[in-house]
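Should a chain be cited, it is by its letter among A, B and C, assigned in written order, with residues numbered from 1 in that chain.
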């Protein structure tokens, strides 16, 4: 098999491969910078929690309008935002820290989602409908992902500075500005938005993966925030590309294939990364003069 | 001299227990005031009240400077040292009031940032990630940020705790420079000798004000002993304060 | 005269409670409680059992027995049953534990006993059940199912033997008709076009019996996920073999099929029913309706 057959021809021959690639690419562009901030702000697990919080909203959307992408997206988004805002609100108003209040709320949300789905009477596998398939991205789904990516990038450009400030030194930002709160809410909204988009492309846990993996990979290759964002995007794009190829050549299911590849890159980074890679320390190099 | 801050029967505290009890007085514009007292005297609480983080339990604070125009250095900076940001960018935050979330950083601003970094003796450290700084270096960075804020009122809460002598010397010189520029500086300090050497005015408090005025007259052994006697812990069985609100 | 009347009155008053008791004895309380695992079996038990049985199903119309999760209410229902009918062949992986949990004394009839099983999974996917359980898709097998159900009912309720045998015999004749009609309908499809794609690998028995090639994108269980390789193979196959139609199954994600249809130009057929009947108002409320519906859809798509 030539290199071309290995790397390029699957995408040339099959439209569904091209769509999957474009979908993942668009998703990565929006989700990876969000993921970087998420991990830097120590909110990585929050992404997972949010993913579960979105479930009942999407389920309600399904109940109301059937298999309407629009209804489920809106439902999921509303649920995600409500949970995020409520968690933040409780954290600000009481002594409970954000992670605890979020944990409480997403559990309620999840239980609600399961209850709603089972009340329906059918044990129709709602999972198949709520969580997308990267191999079956129709025009609706692609447009959704593209729109989400665009909104994400524009919003991030807008709130980047206050968001970074809030992440490094929230006290200082609070002392000089009222932008911290809105920036925080804007950020949570982007997390919810990208998770919902990720659902459509990859399914729930994997949607979190495409947000987190590029970010944690980038930490091992750079200490500069801008460079990290670029590295994260590249890592995500690579994972999408190679993951799809793995699914094509080796018969792995597509979404797990993408995330497994990302996981492999992560392990490689942990061992060999320029910044803090475990094995790098073993290669003894002379220290510098100053 | 105009008043920069005016306290009217101010009581500040947590859970109805007063940490600052019935404080009345004023800080003049351009004053360089040290706030001194034993542990639990309420110094940090007072500063939090001044910058608007803590609403008064009773009484009022009149401020001659908008809250967001104040430059505040908290006792414990909640800075995430592991965040991938360098000295230059952290100092640049001081420009927020001037450029906001979208303002461009042009040559003029870049010049100011470099100058601030130079003033605190950290030239050459611009690209250094903040995670690699020592305690003293970090404090210099924070002072540089304060410099850029260019504020009329600077509030410093224990700025020299656990800082090496060389850094203290350099930063105290900066405080003097602010004083010379007629900015109002408030600093909570533990080091009585430092206060005696550098600060013309002192407020000695132990929840309630003990003495307030010219440093020499305030920091007498009697006053210091009196302040130490006042107890630290909140009294769980305390009755409601009988002093009427004015 | 008056004496006669009062005797009559007394007699009728005395008879009233007796007749009421007699009426009740042959009423609801006497019907045989049967529980089936899924809706197709319920259909057959109703037909063969007639008025003598009161049958409920655990997995209702439109639901998926492959991924069904039993509830405590189900255990109760099983406990009260006099006869339990299951498909077997690995269809109800959850049944054994449920029967144990319910501590029921009712005998369990495996309706597919005596059917020649096929191997599962024609896309090389490993599923836990090695047999393909969808044996009822062939009418020939359906007749075996019905016979097993009849025999099971007779064993538990010998008094109803004549009723059960009569009902079963009548229904078996209907099934013969169905089989003949099906063969006739398939015969009208040109042989080169007798190829079809579905999402659910549930029609292997139908395909073998009536000469249609079914290709599925997923394995037998609804839980296995397709890989790019599988999808690419199907598209390549459809393109190569010029397969005319792709069908949805009523419990699995149709988006993948839509994508394949768009990319190959194949016709998207209507819904085929395989694992469950529909509600009474739906297109396939009984087994015969289901089969006729499927044959009609296949015929329409392939002509």
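In this section, a residue touches a chain if its C-beta (ideal position, glycine included) is under 8 Å from a C-beta of that chain, and two chains touch if they have at least 3 such contacts.
All figures in this text were calculated on a predicted structure; none of them were measured in a lab.
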Central chain (by mean CA position): A
Chain at maximum distance from chain B, centres defined as averaged CA atoms: C
CA centroid of chain A to CA centroid of chain B, Å: 41
Intercentroid distance (Cα basis), chain C paired with chain B, Å: 79
Chain centre separation in whole Å, for chain C relative to chain A (CA means): 42
Partner chain C, residues of chain A touching it in the complex: 10, 13-17, 19-20, 121-125, 128-129, 132-133, 135-138, 244, 247-257
In the complex with chain A, residue positions of chain B that touch it: 51, 53, 67-68, 70, 72, 74, 77-80, 83-86, 90, 93, 96-97, 100-102, 129, 131, 145, 149
Chain A contact footprint on chain C (complex, rising order): 59-60, 62-64, 67-69, 222, 225-232, 235, 251-253, 255-256, 258-260, 262-263
Contacting residues of chain A [partner chain B, same complex]: 40, 158-159, 161-162, 164-165, 167-179, 219, 222-225, 228
